[in-house]
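Two complexes follow with chain A in common, the first pairing it with chain B and the second with chain C.
Our next item is the complex of A and B:
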């Protein structure tokens, strides 16, 4: 049948024009266009999922609008919201507190994760079992972690029961108010975060240890280096990229700390555990101050971007230094 | 035994629900709603009509029993979208922005209503109220007027969550304690009439673990009082301490007045009689603690009594007495104010495809007969609030006659929390500063100044004139009981 048709075309000396779908298919199949398709898709996704929402956020940040008024009533207010954020002392306290939480929590997670990874690496038995156990906290849903810790922290709860023999020996009231004392509540959040996310640093360091070149360590040992020297002069420098990755990934997450705050203290008592993510959530979803929240989030984006890019730059520099050394 | 009890409870629930059509027949309000729904469906020629409700997840185990009944009566199916009550206001505001029309009814505290009304995501019900005539008789003013915002009916309520004081019967009626109290304070030991008297009783009824007092050996510490003192809860209790309204006629905060500062001091001082960690506690901690018998008194939602009687691990079954909310002495008169701390209301979405049908369900559900069934539902969290509850056997059986009588009497003193736009921000400012005073970070005077400044900022940000108008209208209507 096809042959017949083609024969007819040839016989008449004319080519039947292609339909629109066929023309489109032919055009898409052309080498010039085909190469552009992935680029266009990626750019399209970038525009739809990042650029447009970002532009909308900037626009909303320049309006005077609370969601308890219809959007149609919003008016342009220039940089008023930005000024409002910069003048808001709660914003700055939240930023400071976030850095404090992130700094302490990430430092502890790095130390504990590093120590655990080192122990498991050197473990001769049940290595897989320990690895699995230490990875479990990371896999638990944050809301479950939050609820469990809220029960653990009750003043007559298991944590205080465990601590009481030691505290009573020093004449300290064993009923520590983990969730209602301004300082204890901050530590309650840090401990919950450390418990859950040390798993991640452990995993990063574990793979870091596994990737260490055995020849270098063996060579150092043959040359008479002590275990301490091997650790500080050989292993630790080689683990710097893993450390930098752990620092950047965990810092990025810790700066967004939200779940344990909501689940354990709702930012309280007072504002003593209010992080910047909680501050934003409260302003936007509790108080309906969408424009104010948009301005605050843009300011934070610049602040955090600077820090994160500095971290990424550090990783690249470490990697280049090691590559150069080789 | 447990199986037999479960069977009995199941049978009684089935019998209650089976009796619903008969009761609804006798209840013209419910009947009008059913007939109205049928007529609406016919007039609009709807096939498979459906309503969607954004429901507080607390009611996920009880509400479906009523939507099934509604479907049997009218043919209207229901889709229930359960969500934690803390997330509902944000969801409502999302709908205000996105206008999807996926919800027909919003269920939440009445305090979600002002912002929702301001954003025009809920509809006034006045025309339907005029047409279908719901019955608000038997509901105390403070609860009834909570249905209004800016003079319009924007939600119908079916819950009396005004604060109640519950005390331990075994201690209150202990002969030795009564004698000692009388000797010490020259006053009979009974439900406290004033907040000061409650404080005095809370201080009196403190005991250390191992101590024997009034012939009772206490295995664990006994605290004098329990109350909500955490973020998101303090503001619900504070009005019981405040003499009069939080703002004057021009919306100037009264918190810096001597009354306001004293209220902050009294509120903060109350934590001395409570467990040390009380500022971190919500219902999941307070209710079991009360049931464990480690406190003499608890100011709480009325359902705490039900918990104390029905929780399997409770050691205070039958040992509770419901008391009227203690009051304040103002110009020589005892003035009680029981803050309506939570409550449950139902609002019609402005983007519903069938708002009138949504309203008709709300009228049916909040009607005296169906509303009473809801309050009696064993898995529900609706508390008694209507005069008809006093004669409803199922409600009396569930809550106990003494509690129902007291809470209905208490509803006369039920006053709404702030029902103006931005109320959650006003509440939050109050909460945070109260926490700072309770933690002794700042003085009551400093807190009052901060609260005043914060409240003024919110008022000006939203718009002074509009806030003043709605505030005055609410006060004049009687939402807060107190007047200017």
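Our next item is the complex of A and C:
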């Protein structure tokens, strides 16, 4: 134990054996070990907080158990919960709805973002101002966006006021409850998502346009290509990586949609705006159906894993394409 | 063509510039329309936050508060129980955002710092030694792409059931991470780590290896090299990454909603509480809280605007 202080004599004390802490420090500082320390730490964190809970979720998904009973009394039930989820049509409806919302919202975001970026690129003096304004929604907390839109859609809100001259001509009471109508409520959520995330697609396309090589476009123009030809034959193919990345990133996020649903509609009216995230939240946190929720989340992850891998693959490929192009 | 041939070059030029001018006006009309669409919801929230309870839902709605009041703000920033001048009949619940603000700041700062620390060192390892294999930097993205609700469900069972069960069996004390700061910080750290690693990788990859090599040749240890050479060079990158991750955590709602109740309350959960208030919705205080949540993030976001997209697009887009 007297040797524990020899760490300080590291340089001079050649003959004396090193103490345990000093040896440990030396071992940790050696290249072979040192490079692995952060890796081991992070992987350990992932195992403790993602992998173990996930394994437990699989176990719980095979129990017959609700949270209102003690955990010890749960009995094993095999794949019953999975069958229950697969037979539950609300689950499938909510999955379909999620894809519908994501599809419409992402398509709109891409289109609007693309045209905005194109227009802003052509601006000279006001470019910076527009960019700054258009980027603000991205920074706003999603839940605040949900709140903002819930204010706008209420029956005595500004939207109805703007529409009222038009509606009163037809004798319709302008105080429409937008969020009580299934289709209008769905669009309300889509519009809120478009409001917030068009800023991201806009920025992706803006940097895409900025990176286009001038010479190529000028060359095409000199050779007599029309603006349409330049756009479709030169610019669009060059923008393909940016488009692919925007599609992947936005659809990944849009499929997780939860915040605007809670803030705007609570999944209603009926179940017309329940996304899959909201459906699972309700099953687990409102109805305490833990093992059902566990089974459903495993299935959901399985369903999404193809998308996740496709997404990562696209990101790798397009990233290399961009890196290679420079 | 026949028309064009009769034009002098000056006329053709004038016509072209006229067409160009018309196109420019159209462009500005479209861009201004979108600007209006962007600004309007924010404007409405800020205006509502200055309205008194009678004006929240009047018909027709007022675009400017008729009698601007700071009552909503004084309610949410009140330190003690509301006195008679501030209490409203319909709103006798605790308003103050101090608890939410404190919890949000504590959880977000700690989680962002821990994940910045771990992520930076791992990014260094990946960048210099290819730790974890060639594709590790990509596979780490899977964590970010798992739907949060799936994480929330498994973490809920882990925190609320399994850990107390196991600890009471092993050491006789029930330890639950559900509704604790540590539990929330832990899960925030894990969910933001992929972002940190990605952003720090783009910064560290840019530090020339020759610099480090020279220092190593002169006998500096690996730790000295990191401390004296790499970290100073990526310091601004670390600040940007920290702010980005902080914004992400600040905006997080699903995990905070599902993994805490009632002790730990972040600001987003607090805002949602007013949404489902049984006495009717409290639009005014909600608007005030919304404004207060928004201001710091927008300011931080403006500071790191160019890097924001780097983070959101996993470094695929460079500005």
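Following the convention adopted for this analysis, the second predicted complex is superposed on the first by the 269 of 326 C-alpha atoms of A that agree within 3 Å, B and C clash if a C-alpha of one lies under 4 Å from a C-alpha of the other, contacts with A are read in each partner's own complex, and residues count from 1 in each chain.
In this text, contacts are C-beta pairs under 8 Å (C-beta built on N, C-alpha and C of every residue); 3 or more make two chains touch, one makes a residue touch a chain.
Note that the structure is a prediction, hence the values are computed from the model and not measured.
In the superposition on chain A, A:294 contacts chain C only, with no contact to chain B. Chain A is touched at more residues by one of its partners, and among chain B and chain C that partner is C.
Shared-chain residue A:255: touches chain C; no touch with chain B. With both structures placed on the common chain, the touch criterion links A:185 to chain B but leaves chain C unconnected. By the touch criterion defined above, A:175 reaches both chain B and chain C.
When the two structures are aligned on the shared chain, A:85 is found in touch with neither chain B nor chain C.
By the touch criterion stated above, A:220 is placed in contact with neither chain B nor chain C. In the overlay built on the shared chain, the residue A:285 is in contact with chain B and with chain C. Using the contact criterion defined above for the overlaid structures, shared-chain residue A:245 touches chain C, although it does not reach chain B.
Contact with neither chain B nor chain C is seen for A:95 once the two complexes are overlaid on the shared chain. Overlap of the chain B and chain C contact sets on chain A: residues 71, 150, 154, 156, 175, 285, 290.
Residues of chain A that touch chain C in their complex: 29, 31, 34-39, 41-43, 45-46, 49-50, 52-54, 56-57, 60, 71, 112, 115-116, 119-120, 122-123, 126, 130, 132-145, 147-152, 154, 156-158, 161, 164, 175, 195, 200, 203-204, 207-208, 241-242, 245, 249, 252, 255-256, 258-259, 262-263, 276-277, 280-281, 284-285, 290, 293-294, 297, 300-301, 304, 307-308, 311-312, 315-316, 318-319, 322. Across the complex, chain A is touched by residues 27-28, 30-31, 34-35, 37-42, 44-45, 48, 57-61, 63, 118-119, 121-122, 124-125, 128-129, 131-132, 135, 138-139, 141-143, 145-158, 161-162, 165, 186-187, 189-190, 193, 221-223, 247, 250-251, 253-254, 257-258, 268, 271-272, 275, 283, 286-287, 290, 293-294, 297-298, 300-302, 305, 308-309, 312-319 of chain C.
Chain A contributes residues 66-71, 150, 153-156, 175, 177-182, 185, 264-271, 282, 285-288, 290 to its touches with chain B in the complex. Against chain A, in their complex, chain B makes its touches with residues 89-90, 93, 96-97, 114-116, 118-120, 230-232, 275-281, 284-285, 421-422, 424-425, 428, 431-433, 435-436, 438-439, 441, 461-462.
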